[in-house]
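Going in written order, the chains are labelled A, B, C and D, and every chain counts its residues from 1.
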Amino acid sequence: MKVHRRLLGLAGVCAATGGVVAIAATQAQAGHTRASAASAPKQIVVGTLYASSGAYAADSIPQYDGVKFWVNQMNKQGGVYVAAYKKKIHVKLVAYNDQSSPTTAATLYSQLITQNHVNIMIPDFGSVLTAPAVSIAQDHHQLLFDATASGTVFFTPNNPYIVGAGIRNSAFWPDPLVQFLVAKHIKKIAILYDANDFDAAQAATLDHGLIAHGVKPVYYQSTATTTTTYGTLIDSIAATNPQAVIELGYNTNDIPFLNTLPSAGHKFNMVFTVFPGQLPQLFQQQVGTKNLGYTYTYATPPLVPYPKVNLGLNTAQFSRAFKAAFPSQAVDYPAMAGYGTALIAQEALNKATSFSQLAMRRAVGNASGKLTTAIGQFKITKDGEEEGEFLPVGQVFPSHGGTAIKVVYPTNLATTKAKYPAPKG
Amino acid sequence: MVLYALIAGVLIGLFYGFAALGLSLAFGVLRVVNIAHGDVIVLGSYLAYELSTQAHINPLFAIPIAVPLAVALGMAFYRFVAPSLGRSSDPEMVSLILFFGVSQVIEALATIGFSVNQDTLLTGPIGNGAVRILGQSFPNYYPAAAAVAVPGALLVMFYLYRSRLGLATRALMSSRADAMLSGIDVDRTSALSFGIALALAASAGALSVYVNGGVAPTDGPGLTTTAFAVVVIGGLGNPGGALVGGLVFGLAEQFAQSYEPNWAGLVPYVLLLAVMLVKPEGLLGRRVRYA
Amino acid sequence: MPEGVAGASGQRATRAQTWRRRGADVAAVLVPTVLFALARTVDSNLLLLVTIMVYVVLAQGVNVIYGFTGYLPFGYVGFFGAGAYGTYIAVAHLGAGAVEATVLGGVCAVLVAIVLIPLLRLRGAYFAIASLAAALALSSLVSNPSLQSVTNGPYGADLSQVFSSGGSYWTAVVIVAFAMLVVVVLRRSRLGLQLRAVRADQVSASYAGVNVVAARTGAWLLSALLAGLAGGVYAWAISTFYPTAVFDTTISLFAIVFALFGGVGTVLGPVVGAVVLYYVYNAIGVNDPQYFQLIFGVVIVVIALFLPGGLAAVLLGARRRLATRGADAG
Amino acid sequence: MPAESASAAPIGEAPPASALLAVAAVTKLFGPLRALDEVSLRVDRGEVLGLVGPNGSGKTTVINVISGLLAPTSGRVLLEGQDVSGKAPFRLARRGINRTFQIPKPFPALTARENLAVAFHGSRLTDAEILELVGLGGREERLASELTASDQKRLDLARALVTGPRLLLVDELGAGLSKTELDELAGILRRLVAELGMTMVVVEHLMGFLEQVADSVTVLNAGAVIFSGGLSEALSDPAVVKVFIGG
């Protein structure tokens, strides 16, 4: 028995040693290439993660495509201009698949920083998958160009290594929606939200915003993010006789919610969900014109076009070029957010006078308020949190063979008047 | 609200019961817990989805297609693993690990074969309209699911209590050794039962694609947990118990959604734990499964 | 259990053998610890190393509960999450330092395990699924908006004020050493012997005067402690996380497969399983996860059907065959 | 425990000081089946009681109830006048009641020595002495799974002895053994009584074996006691003869 155990021990030690030696070898190699490129890098390494499966795949893949699109654009033009070296340098994209797992994402972020020595780092979609990057990046003094994470906990005065370059914190999203509800004198409002950071933050803003205007929601409840059957929930919402029903979920919640609504036998004057505006093709395919028609959502680019930009392509140009580059991929908000985020990284490289992460952070800070890209104005707070962006209220209108989302509020951006109450039948 | 939750609870509960029937049967006959049960449901859902979107056939036709396929696959699989399980000193634990692996394989294959995103069917099994019951309006797939689940469960009961093979199956359920001594072809009966168990799971898949708002490759483990909760509530290895368990589960879930949606997510797990600890043989069960 | 194949020597243990056995025990604790301590000099991806250490500890935890008692905990991640959130609560509400908070994370997991002691009345699949249900319930509880004042609910936990990659790394090394020590001591201890007896035959063990319930409870709490410490140090190492991240059922899956692959009931099997498979996963899995999952699934099926003892049994079997052949030749 | 069943059996009320074990009006139901029907027994210190009866008469159930594997439906088990009915086997093992099994189940993956090491130690003898006593000397390092059926019985006995029982319940020790093996084991049991002053209840079919060890016998039929007394009287008792021969 003892002999066996010793043998087993030996085998274990051998395996572990083998592993360590193998890593050491690759490490030495990596260190070597890095040393020889100390003065002017041969390439700018952009690192990102994506999720090919799991809860975030639907949003993560387009975001990744948006980044890929930017990399191809740059390389077609002979590389990205790096002010620190006063020349264009080829861009190399390193991307790993985290399968929507935060644990896997954590080690991969660490890998991007410590093994691939990326120059530009764009974390994966959403707060849950960005969270594991924040402290590691800060520890390694690596600037994160945050595309779609909206958690407020990420942005603190003592951490200069994260900058919101894409989507604004979801807590700010409902501001125009509150204004719209107040303007329409809608008093009886039901809010159903999922118990996750993204949705709970929106719900809290809505609730506080409405109460500030003297409107107390008649129904304000959370449900598990895994909820997929909505019949009974809709029935108990209907029991409070709301004029407007606002469901804040992920696309996997919004879709069954919208699909169950008509058959639950209640017709509400206004129904609002989060994702149709961001993933219109997906919703058209999975919900369809009939159930989607006349509901409301956040209108995001490309629904809200920014024709005048001073960095990169404008919204319409991007839509065309992206469609040509990725024919099977819809032009949606996560794709644009990926592209828009990469543009902010481009600005950092274009302007930073020294090739360091902090210099890039300063360059980005200087650009705040002065840039407009395909996803709108770029403006950040001192802590690096995005505050320039604004999500108007959109409404889904049936149009020939499908649906079109039009901005109905605020009035200065509106392309049509809201059809309120929604037509019956 | 009470009436709505009550009717929805019964209709969805019947579906849950049907979805759990195969798990119960497999346990009753083979004493194995098929951890991949939910993944087989997912495969059934994909079959229904593909039929509807590619061939424009009513997705419920997935059931007659899936049944012979699942029976054949189940029987073959049983023949493949039975010798190894028979040799094992702890077949229940080994089967648990085995099906855990099978579940991973199915999930991986589903991810490779189908999209990673959730797929939703736009048209219901009987058109798109709502169905009114006692003045309440429901998505038509609620009653449709119940309408498939009840005859499906009756068919299983008929098989078990009115056919020769069913008699052999029940003999096997009560004592494997005695069944063998009575000249029952234990292997063939077991293989067939496992096949039927898979067929039931796949059939439930054609309904699950509606009731659960769509299908995604990663849905399997959640469905297994739900099915397990249902059979534990009703009593494992007792097909009638599965339906009762389904009803209890469905009603508890729907009433929680109605009155305490914040905590509704906890209901299935708490119910499962409570039944296991307080009445471990299930509401209708006889067997004790204490350590 | 691999002991089942051990040799049939008729002699008593000699003194030399006793010393050799002690040496092997010390080596089993020291070698993995020292290798992990040195690993940082060759691999700068500290978080990867911490993650592997966390899985080593989790695999050992599964070893303690499954390898020694036969209880397969599908919901093992519940203790991991409890440890992570215990650590968060200790830092955020009690103002504890990171190391103390990690220890409190372990304590928190043990408290959860105490509440869940009744689950040990169940066996086999019932226990496996009940533990999963308990983990899912805990996850649902932690992320409930009503508990925002305690757990920060859905908004996630933030420990960045105590973040220290070096600190969490060294703490993880210490926890690995502790986990190895637990398993080595358990194997040598009366409790370990009793647990093996209970696993072999509960009734005989009972008549040997073994308090079956107490012995199992001991293993259950130890196993929870290991997972809680792992969760605590992991929380510290990533410092910003949401409930879904630390209650991810894949964590249970990995821990169980690593332990089974290496061989449960052995001291080094789970370590080798975790290190080898996680490196493979990190090298291949991340770019073709579906194919990796496929391979993973097939490995589990093969282990279940053909290799119940895992890698350890294969190595021991090979050695035995060699020895037999050697003996024949000699 | 219902008081009336205890009072129905005077033996349970005031057991004489010498009675080590008293079983007082124990009834055990398995569903509708009455496995034991008000069974009362008394075993004095140093006595060896043989328990006989046809298959299914409840012999092993009596052992199971005394040793704590089954809780009686009614009635009491008293050890030195203290009620121990329904206590967990491990507690009884620590209080001095232990047993062997008809089909022994030693821990197969442990060596003979480890099989004893795992147990609660209440005996004055060392493990080595006990192994020597049961005739397993020299096979200490064998895995239990590698022992012969007869040696497994010896190991089972040794396992029980390690806990230092005052009362040893021996369940069908002779089943499946050869005559020589049987005589050896009978010799061991006699030594236990003679040298360690052990008290025993021995369930056995084989009258030859009982003749070697038992002081008196109790005969069970269909869950009820039909005879108590000396072995030779039992063999001439008409009720006993009817059960065994007239069947």
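Just so it is clear, contacts are C-beta pairs under 8 Å (C-beta built on N, C-alpha and C of every residue); 3 or more make two chains touch, one makes a residue touch a chain.
All values reported here derive from a predicted model rather than from experimental measurement.
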Other chains in touch with both subunit B and subunit D: C
Farthest-lying chain, centroid of Cα atoms versus that of subunit B: D
Which two chains share the largest set of C-beta contact pairs: A-C
Mean-CA-position distance for subunit C and subunit B (Å): 32
Distance between chain centroids, defined by C-alpha means - subunit A, subunit B (Å): 37
Rounded Å distance, subunit C centre to subunit D centre (Cα mean): 42
Residues within subunit A bordering two or more other chains: 52-53, 195, 222, 224
Multi-partner residues of subunit B (at least 2 other chains): 111, 262, 265
For subunit D, residues contacting two or more additional chains: none
Interchain contacts (touch definition) - all pairs: A-B, A-C, B-C, C-D
Contact footprint of subunit D on subunit C as seen in their complex: 1, 3-4, 6, 8-13, 190, 193-194, 196-197, 200-201, 203-212
Subunit B-facing residues of subunit A, complex: 52-55, 57-58, 192, 195, 221-224, 226-233, 235-236, 239, 251-252, 255-256, 259-260, 262-266, 282, 286-288, 290
Contact set on subunit D toward subunit C in their complex: 67, 69, 88-91, 93-94, 98-99, 101, 104-110, 114-115, 117-120, 122, 138-143, 145-146, 156, 159-160, 162-163
Complex contact set, residues of subunit C against subunit A: 2-3, 5-7, 17, 20-21, 24, 27-28, 31-32, 35, 38-39, 42-48, 51, 140, 143-145, 153-156, 158-160, 163, 165, 237-242, 244-245, 248, 250-251, 263, 266-269, 271-272, 275-276, 279, 282, 286-290, 312, 315-316, 319
Contact set on subunit C toward subunit B in their complex: 70, 72, 118-130, 132-134, 136-137, 140-141, 144-146, 202, 216, 249, 253, 256, 260, 290-291, 293-294, 296-306, 308
